[in-house]
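Both of the next two complexes hold subunit A, though its partner changes from subunit B to subunit C.
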Partner chain A sequence: MKAPLPVAARVESRVVASQLRSRRRMLALGAAGALAALAPLALLHGQPFWVNILISTYLFGGLAVAWNLMAGFAGQFSLGHGVFFAVGAYTTARLYLLWGVSPWLGLLPAALACALIGPLIFWPTFRLKGAFFAIATLAFNEVGVVCANYFESLTGGPRGLQIPFKPGFAQMIFTNPAHTAVLMFSYLALCVAAAVAVRRSRLGYYLLAVREDEDAARASGIDVTGVKLRGTALSAALTAVGGALFVMAVRTIDPPSLFSLPDIGFKFALLTLIGGIGTLAGPVVGAFLIIPTETWLRATLGGGLPGMHLVILGGLMLAAALFMRKGLVHAIVTLVERAQRWRTKGQRHD
Partner chain B sequence: MTEATAVPFLSLQGVGKRFGGLAAVNDVSFEVARGEVVSIIGPNGAGKTTLFNLLTGQLAPSGGEIRFGGELINSLPPNRRAKLGLGRTFQVTKPLVALTVLENVMVGAFLHHRATRDAETLAMQVLGEIGLAHRAAVRAGELTLAERRKLEVGRAMAMEPRVVLLDEVMAGLNQSEVDDMITLIQSLALRGLTLLIIEHNLKVVRAFAKRVIVMDRGRKIAEGPAEQILSAPEVVTAYLGKRRQ
Partner chain C sequence: MELLNLLSIGILLGGIYALVALGLNLIFGVIRVVNFAHGELVMLGMYGAWACSKLLKVDPYVTLLAVLPALFVLGLLIQRFVIQPLQNEHMMQMFATFALLTIAQNAVLVLTRGEGQSVNTALAGMAVELGDVRLTATRLVILGSVTAIALGLHLFLNRTLLGKSIRAVTQDRAAARLMGIHVERTFAITFGIGAALAGLAGVLLAPIYTLSPGIGGNFIFAAFAVVVLGGLGSVAGAYAGGMIVGVVESFAGFYIDPELKQAVWFLIFLAVLVFKPSGLFGQKGAEEMGMREQT
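Let's turn to the complex of A and B:
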């Protein structure tokens, strides 16, 4: 305040410098992350077993990132995201089967539908907090099962929908699973890019503010419900796109598989929690950690010791819950911060 | 006040708030002019914070009229009032603990600046002014009480408000921290900001408020220039109790 101009100028230049540095760092980090995520595909593209694992890893990584937008950023722990996944899958499949609409186009109305349905069904539940919100959203999943079984003309009812194997880019059906893997990787990249853009935008800051303290957020001029609804719309739309890609990759869907809690609805949460909820990298790290482990365990133990993979997986999750309550990414960040502090302290003492 | 030609900047007319049978704020009326610094004092439970919550919209009044810039704001939610230019701090500080100090202030700065870069520049400027620039990258959860109180002021300032409501920003601070905070608040007043200050520390009240409003048991019991009010017998009684016989 003593010398306003120089101070302001200094602050300004510092801000610009930090922005440049952080932008360059983000780009470098993003490139490194993309390379690291693609490396296993480059190495294993000839082995269908591993390529299939990578397909689900990329897909569920993207889905977890989408879920994290709402649960991690906005603090709204939704267990109802399976509904958006299913709506995305059914819409795309139905449009394709009925009128031959290419899934590339079909995923747009699917995403749009969820961007509208999401805010609509979540609105009444936003007055609930924490576990109560989670349980209420869990009910959406059950309603979804009932609807999917009932509206047979749309969903095929309990028999589900089957998509004939007609390979081609326009149909989003590939003979080479590595191509499907590339598609799923693109989805993951899209979700991460969206999350980064949101995190750095006003909406991102507002979502975090709402998560941290709703009263403080309101006093800062934030329309809390509006921000939650916008976060929901975005998260639901991205989840629907994941559902659309899923249906074209597996080509057969029915209510039990789409609304399965352990395989779909809870999985988004599980991957994110293990990796680190509320962080950008957490959901991706969680997916890369859990999905290959789970599939590999099931494949290797499934024959001799059926169910054993669940025991080991359960043990892993228990360990994570006990020792890394905020997830792997948080644990690593804390370690790095501690190391840095220790180093600067050492320098000061020298 | 009747001969005033301009609309009062902030005015309360018979404002009350009942919680069941308890009138936490009862028929309170006063006006604040633009650029004025007004202190609200009173013993614990007098209804000062409730009054703030009515002003900022955290609570809806049971009766009366609250006008800001001539506009009736009784039914506006807090975020709309913030947009009109009402900034506040919380008595129990509400830092966004997982966010850094800079990000906390940016949340306020986003109110009138859509672009992240603009919000960051403004937030850095505010941090420089409140003396927290060196803590910009620290998580708000790691701040000391004095720093957290400054952060509250900073987040409110970044909203570029027309009125700031300061709710006991001195409470729990030591002497040097209090002096620091007085300097900060004086700099806000010098800038022409309208300030409404809830304060217990009478020495602090004397330091900047020209006008003092005294509340007791939900009512406004006195209002006037600081020197006159602070020695009035009913104020002394409300604050210190009756002299023992």
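Let's turn to the complex of A and C:
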């Protein structure tokens, strides 16, 4: 019983690791997951309401996976990822509005910028642990709001940026929302693939080692800060891509919407924690649970009593925190493990 | 003259920050719960003052008699039913307080339909003038109360048995339990006092703000910054930290740019976290204390 967070992940990683060991099994698992995620789109592609929900589900699923790379794998609970999301969105939108750079190209400098900014601003905070790291990164988010309001020439200031509706593949603007949904699904797939690749790589094992016990990791020769910085760069770059896709999908951004804690910065954490932090599937599961519930509640209750849907959502979050402390994925894995142990009980003596 | 004016504005503002930070200092600084809902406790205190003064037709300052006990009980309940079950799950704890924030904010939004409210007191409009410097009475009340509360809290934590047991459970829960301290009860009482202080802040702040459900967000970051700046668990630190943040904000707003004033003190906050995490008045190593797993 050492580190509090990782127990959940440790159990899952044992299960996942055994699955990931064989490439064939991994591909089969990935294909099954992709099909399961795409099924609702295939069924509901004619209904704009549900397609829009799926768009945000895929997008935020991907963003949560990117966040989990750092918070779950490396144990660095960042609340400052809204900054990367916003930098990605602003960079892509600015390049498009100024010089007509296609967002497909614009998201590259956006990702690159965050891969540089992320390690740079997080580097001084890496000596902080736990809650202190979270609060310090939260301050980045607040500095971000102030800067976004101040540097009007870049961000449009409080008025924000608007992108004219000019449909076309090159502009990444689609008349059919189902196409946007496919784009967001690809982003989710990209993030999951990146997470799986990291999890199987040397970097992934280093990240987990740092999370489990920083001092022990350092003692065994791991460059702890370097590992954290690399994790940050990757996580920040993926988050920036998410921001780039977001801006082209909604076509209007301003500081309050980009730096909103409940809708952006904290949401990554929220989805991941409900699903299961530190696990591969957790963030995606969390997104598929929360985003549709939230949107549906808003649609059914928001008109009559503004705020009512968030009271209910807050209650659900609280219940999830109290009754599934380590997230849904862990709850399921524990059940499966218990069943397995029960089955093999007769053959083993331990 | 300009300097004196800015300084007095800064100190009065600092009084507000210190007031909110004192409660958070108990919850975050002493028992190490990252309570994102602290601003919402202040907000509930404000609405409590508004509702009581409207229903009972009394001056908002009188409503302290009802708001303080109510928030103390609310604090006890939060600690007992939300924080305590999530002991040792720091991230889930943070997440749960965020859920509480969402619930409180939106419940008030539902109840008030989002209309801005204001609270009137006999003191509104009164002011003390010292030369060119004008000090409004409502803000002077805050400065006076925060000074008194800081002194009282300091004595309470250092001189009384309950205060000492609060500090003991922070340092080492197991050892405190062996000394016969009822750990859970101590934590609950501490959280209750912290929440009551938030309610007090809410009542005192109600006359100078327009009430809205999201108003807690104005204080929460400042309060965290003040607690870290002053040093976790240090009452004197929270008081001085509040003043520093207030004065920095007022000077930066005047000399640099009003829009950047908050960025300036966020940067100071980050600098303190990075270079002196124990804060200005905190014990060395205080930031590590209580973060490790305890039973």
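In the analysis below, the second predicted complex is superposed on the first by the 323 of 350 C-alpha atoms of A that agree within 3 Å, B and C clash if a C-alpha of one lies under 4 Å from a C-alpha of the other, contacts with A are read in each partner's own complex, and residues count from 1 in each chain.
Here, a residue touches a chain if its C-beta (ideal position, glycine included) is under 8 Å from a C-beta of that chain, and two chains touch if they have at least 3 such contacts.
Values in this document were obtained by computation on a predicted structure and should not be read as measured data.
In the superposition on chain A, A:159 makes contact with neither subunit B nor subunit C. In the superposition on chain A, no contact is made by A:338 with either subunit B or subunit C.
Among subunit B and subunit C, the chain that touches a larger number of residues in subunit A is C.
Legend: residue contacts after superposition of the two complexes on their common chain; A:213 is shown touching subunit B, with no touch to subunit C.
By the touch criterion defined above, A:223 reaches subunit B but does not reach subunit C.
Shared-chain residue A:24: touches no atom of subunit B or subunit C. When the shared chain is aligned, subunit B comes close enough to touch A:205, but subunit C does not.
Common to the subunit B-facing and subunit C-facing surfaces of subunit A are residues 1.
Those residues of subunit B that touch subunit A in the complex are listed here as 56-58, 77-79, 82-83, 87-88, 90, 94-99, 103, 106-108, 110-111, 114, 116-117, 119-121, 124-125, 128-129, 133, 155, 159, 187. Residues of subunit C that touch subunit A in their complex: 32, 34, 82, 85-86, 88-92, 94-96, 98-103, 105-107, 109-110, 113-114, 213, 221, 224-225, 228, 257, 259-260, 262-263, 266-267, 269-270, 273-274, 277, 287-288, 291, 293. Of all the residues in subunit A, the ones that touch subunit B in their complex are 1, 7-8, 11-12, 14-15, 19, 200-202, 205-206, 208-209, 211-213, 215-224, 278. Looking at the complex, you find that subunit A touches subunit C at residues 1-5, 77, 124-125, 127-132, 134-136, 138-140, 142-143, 146-147, 149-150, 262, 266, 269-270, 273, 277, 305-308, 310-311, 313-315, 317-318, 321-322, 325-326.
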